[in-house]
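The following pair of complexes shares a single chain, chain A, combined with chain B in the former and chain C in the latter.
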Partner chain A sequence: MHRNAAGALIVVLALVLSRLPGDAQAPLRIGASISLTGTYASLGQMMKRGYDVCLKDVNAKGGALGRKVELVSYDDRSDPGTGVKLYEKLITEDKVDGVIGPYSSAITEAVANVTEKYKKVMLTPLGATSSIFKKGRRYVIGVITPSEAYLEGLIDIAARRGAKTAAFIYEDTLFPKSSVRDPGAAVDIAKKKGLQVTFVEAYPKGTTDFAALITKLKAAGPDVFGAATYFDDAVALTRQMKELNFSPKAYGVTVGGDLPKFYELLKQNAEYVYGPSQWETGLPYPGEKEFVEAFRQQFKEDPSYHAASSYSGCQIYVDAVRRAGSIDADRVREVLLKLETRTTLGDFKVDQDGLQIAHKMVTFQWQDGKKIIVWPDELASGKPRYPTPAWTQR
Partner chain B sequence: MRRVVLPALAVVLAALAVYPTVASGYGVRAMLQLFMWVALAGSWNLISGLTGYVSFGHIAFFGAGAYATALAIARWHWPWPVAALAGGVAACLLALVIGYPCLRLKGPYFAISMLGLNEVLRALVSYFEGLTGGGSGLSLPTLEATIPIYYAMGAVAVAVTALAYAIITSRFGLRLMTIREDEVAAEAMGIDTARHKLAAFLLSAAGPGIVGGLFARDQGFIEPLSTFALVMTITMIVMVLFGGKGTVWGPVLGAVVLFVSQELVWARFPYVHQLLFGAIIVAVVLLMPRGVLGVLQQRYRLPRTI
Partner chain C sequence: MTITPQMLGQVVISGILAGALYAMVALGLSLIFGVMRVINVAHGPLLMLGAFATYFLYHGLGLNPYLGLPLVMVVMFGVGALVQRTLVARVVDAPELQSLLLTFGIAIALVNLAQLAFTSDIRSVEYLTASWTVGGFAFSKSRVIAGVLAVAITAGAFLFLGRTRLGKAIRATSQSPDVALVCGIDVDRIRMITFGLACALAGAGGALIAVMVAIQPEMGQIWTFKSFLVIVLGGAGNYPGALLGGILLGLVEQLSSLLLTAQLSEAVSYVLLVLVLLVRPTGLLGGRAT
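On to the complex of A and B.
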């Protein structure tokens, strides 16, 4: 009886506390779904950490609108349907003040319908497919360079050094597919640079056995080979390329190759692998040193661009809220559409549809265990090692 | 019994009918998904619970319905209720084509062929990207219709459960259960087993087809992977096994208990959730192979019609 009474009291107290009207001291709550399990888990983790570091910084500087800023996040299991449900939960049940994007284009595409419905501005630090922004949506704002540009560096490096043929494969989901097949993406870029595209094929999400695909690729024998991947498949593919001794002159993956874990798992087999990146440590952007240091200290590893973009996306959002003097979606949107700034991630400016147009990507190559930026020339910190030697000589 | 059950049912249905007026957007969506699971689990029960023909690819009908509906809306601009019904029709046609040969397979062969069907459909949808968008998925024009879809989904769940009741209390249902217990004996008694199985199979495909269509409209974006997801088939099987296969209320009970516990646990404890789900499967199979209602039926001599 006694215990019941105490329990009831706690419940009543909790109810009363949660129903208190939002006084100025209550934290500003920002909601997101993040892929903590499932195929995007490694990248989702980076995203979560980026958000965490950002909020720590923001709160150290007094938060926004005189309130602390807090992240409310759930795991979407790398599944668009779950993401949709979670954003609905965040907005209508948890009544968050604002939202910020999830990981991957497919999930962003799905949840954008919900955030539009409730008129919430959603900055998407890691949703990079142009089509998301070209459907007449009002409140979705991009942070990173869209998918078409991911393989441009790899192709350009190889083309300038005499490569003649190119081959591409991609995970058959929204973002990887668009980075290879959309107008202006890898296939078009290769053709424009005078390469002959000899092989393009998709593989399903969750593929772990690339033997058949690699056998076909070997038969096609391209000089440059680009794979539009996420993390798990990038590792498996590289491993099996070695086992089957498929060694193009230049080989790059779109996503996942940049994670420190990629090198840890593959060791010297990751050498010479190229990868596009929205950002790398050491680029001359404001706040870069502080961010990298804080990240290293807290998580004992280097941040990837996923972390940096999430960090900056969150900073930009909070900054826009401060400038708007309100969290109201329309006013924040006005600020974001006009904003031209340089953050830890690089340049930020969007067009009227919210598509990112100012940010620049780089291409790195793993050299002696480090990611050396080799493209574009004005941001490069080293020269590409081209062509890639045989597997036995790495 | 009836005097208690019928009024109780009426109260529950009335409460569900007014629920959207008081619930948050998430509450409505969560309930809508619960309806979806009730309909899916109930439909699986019609073929697998009653005839014993275990379908490991029932989500294929869901996916077929989802794509048929999405195409009807996106390419031919059909109103969504009509399109969702068309999804049900598409699923039934598919069941007819597949069921006719495959239901002659026994035991694991049928289960495996259904598993194959799901994978084949997913591959086809990915392959014909001109029509379906392939791996990029298919986006539908934005439409705010969550509440009408809530009622539609609820109606399908009620219809599937009522259908299960009607079948289980009919001679048709008795014949299906005879097939489950001993197919040779059923034939010897003069039951046309092939026709009965096919009829049950068609009825079990209609629900997932319509539900798939409603899901597609509600979500506004579908892609092959999350639409033909094997894990969904497994979830509906576990729901039925948990509640009690071959019963009217078993699938409902299983869907409610597992969906609610999932909803409470998964978002906050992503890793625990996967563990929990596995543990439930093992526990049910080992400790109560007939499911919760099966055990209750046995222990308390409850009527077969629950």
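On to the complex of A and C.
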């Protein structure tokens, strides 16, 4: 449903912080649609907050090209079609100077057609499906590790500890599907590690009742179970797994399990759940402490990787504009394709198609109410608790 | 994959439990359609209000969600009566498109007001998260209680409609507003009470669902669709039909998810809808008596 005028309003960031020369000049306006309502709202809000903290920092350091930078954003209601309309509007009606990516692969994939058409370079902090970058598009640039790698940690942890069988389910949209089904994704990884994949099935977006699916999973009885989810479904699925007593030796979700709210809602039922993350607090990257501090102070919660990636993505974009000395799409693109840097999020380098190739993911496990990084070994801060005990013993 | 009797049994249990809830929620929609010929698209968003009410009673006052249910129903009855008296009453006798537009507007307004007031944050009532195991079958506690209460509330509504003077007056108005008026029934008042009653049923649905799924402003819409499906299956305005349609929908969803795929289960429900409309347009038990 539509948000009303007050809800879907232009969120113009009046950044009072900047007391700088160049105020006489109009600010640089960067446009984006963000999922503030609908299925992806929890994650979209993290994205919005990441952008907010970034622009505050950017403007405290003098903005870019001698101008302040502000975000013009609208709510796409987690709907790719709406995202397309909003980017059209941002570029043609609002005449923004540049654009930056929306939340989710599905929406990025849809709006990338618009940004290509108008030749706007779009850095996409949370579009992580490889196919987005492999369609001959010129102007879309990735920030995080692509979808195929999301379940690798979970599978590797279980395989190294004797797991024999695996099962996967996924929301039937671009990113979750790709993280399970694409060449080199979960199913392939499991097979390569010698696991037998006994069950793979999709479920529609918006599913709230997983009873029949879990009944089938239980019959398949896998040692390791990976679910390519977003947030609401990850919560509903975990609850019903407990109700129907489906307890694989290792269970992980792709997206949503990393949000602090996941644990808040599920409490001890979130214990032992694995999840991949593009970033966690405490990793040894530059500016990490300052970012986490600023985020906590402003929003009274810890940033998730969605916030961190949006923060760093926005920093990288503004930095590229500064280096290019212009917001012209082709010149900014040149800079981004050559850029090799380490940000608060970690390493950044893309190939000639804009696909991210340097960033590294981690896998965490909820242990005693905390996300402990358990994979890969070189970044781990604890050991996985494997196998997961019965539901009654968590 | 071979389907064992064990799996089939488990899924039938889940289907019936889900179906009982569908039936109760859809009965509200059916009542409004029967008495006023209004398709209330705001039914789902009203259910959402019931879920939020339960959330706030639970987290604010520490009230057990099941004890809070009667309170939620009373409040939602009031909300419904108010909405009917101030808004819906104006379009009851107008062409059906008018009332459709109006309730559509109410639905949008409710969702957006909820987003403003409560934000889009996901909330939940963590209560009874485990299940009972009987003979190898798992019975989710929250879903069993929801199913039982839904059946009880639906039965109560049937008793009320069948036995009480007011209930009979509602049915009379449903059959023929003009004759009811001639017989001395205050049709306007009956309509207001019916709308209140329907909202109370939606609110009860919201309270029961609050314990099972994430609570957020947009959680209701899917229930408008499901309720609509149920009353078309059972026969619009046919009250026992809502019960049949609800259970049928619950079973069809779960069984097709088991025997086919989860992805196809939604499609199967709507194919069934088309089939029923083609073969028996008045619903399986026939439309409202005229």
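Rule of thumb we're sticking to: the second predicted complex is superposed on the first by the 370 of 394 C-alpha atoms of A that agree within 3 Å, B and C clash if a C-alpha of one lies under 4 Å from a C-alpha of the other, contacts with A are read in each partner's own complex, and residues count from 1 in each chain.
Following the convention adopted for this analysis, a residue touches a chain if its C-beta (ideal position, glycine included) is under 8 Å from a C-beta of that chain, and two chains touch if they have at least 3 such contacts.
What you see is a predicted model, and the numbers here were worked out from it, not measured in a lab.
After superposition onto chain A, partners chain B and chain C are found to clash with each other. In the superposition on chain A, A:L244 makes contact with chain C only, while chain B stays out of contact range. Looking at the shared chain after the overlay, A:N269 reaches chain C, while chain B stays out of its contact range. Of the two partner chains placed by superposition, A:R323 touches none, neither chain B nor chain C. Within the superposed three-chain model, A:A202 lies in touch with chain B and with chain C [touch as defined at top]. Using the contact criterion defined above for the overlaid structures, shared-chain residue A:R331 touches neither chain B nor chain C, since it reaches no partner.
Shared-chain residue A:T215: touches chain C; no touch with chain B.
Shared-chain residue A:Y74: touches chain B; no touch with chain C.
The larger set of touched chain A residues comes from C, when the choice is between chain B and chain C. Residue contacts after overlaying the shared chain place A:F231 against chain C, while chain B stays out of touching range.
Contacts of A:Y118 after superposition: chain B is touched, whereas chain C is not reached.
Two complexes overlaid on chain A leave one chain C stretch from 25-33, 97-105, 133-141 or 241-249 clashing with chain B, and it is 97-105. When the two complexes are laid over each other on chain A, chain A has residues 36-37, 172, 202, 204, 206 in contact with both chain B and chain C. Across the complex, chain C meets chain A through its residues 1, 4, 7, 10-11, 14, 18, 107-109, 111-112, 115-116, 120-122, 124, 126, 129-131, 133, 138, 140-143, 212-214, 216-218, 221-222, 253-255, 257-258, 261-263, 265-266. Of all residues in chain A, only 1-4, 6-7, 36-38, 41-42, 45, 169, 172, 199, 201-204, 206-213, 215-216, 219-220, 231-232, 235-236, 239-240, 242-245, 261, 265-267, 269, 391 touch chain C in the complex they form.
On the side of chain B, the complex with chain A involves touching residues 24-27, 29-30, 33, 122-123, 126, 134-137, 139, 142, 144, 219-221, 223-226, 266-268, 270-271, 274. By the touch rule above, chain A contacts chain B in their complex via residues 36-37, 74-75, 77, 79-81, 84-86, 88-89, 91-93, 106, 109-110, 113, 116-118, 131, 135, 171-174, 177-178, 202, 204-206.
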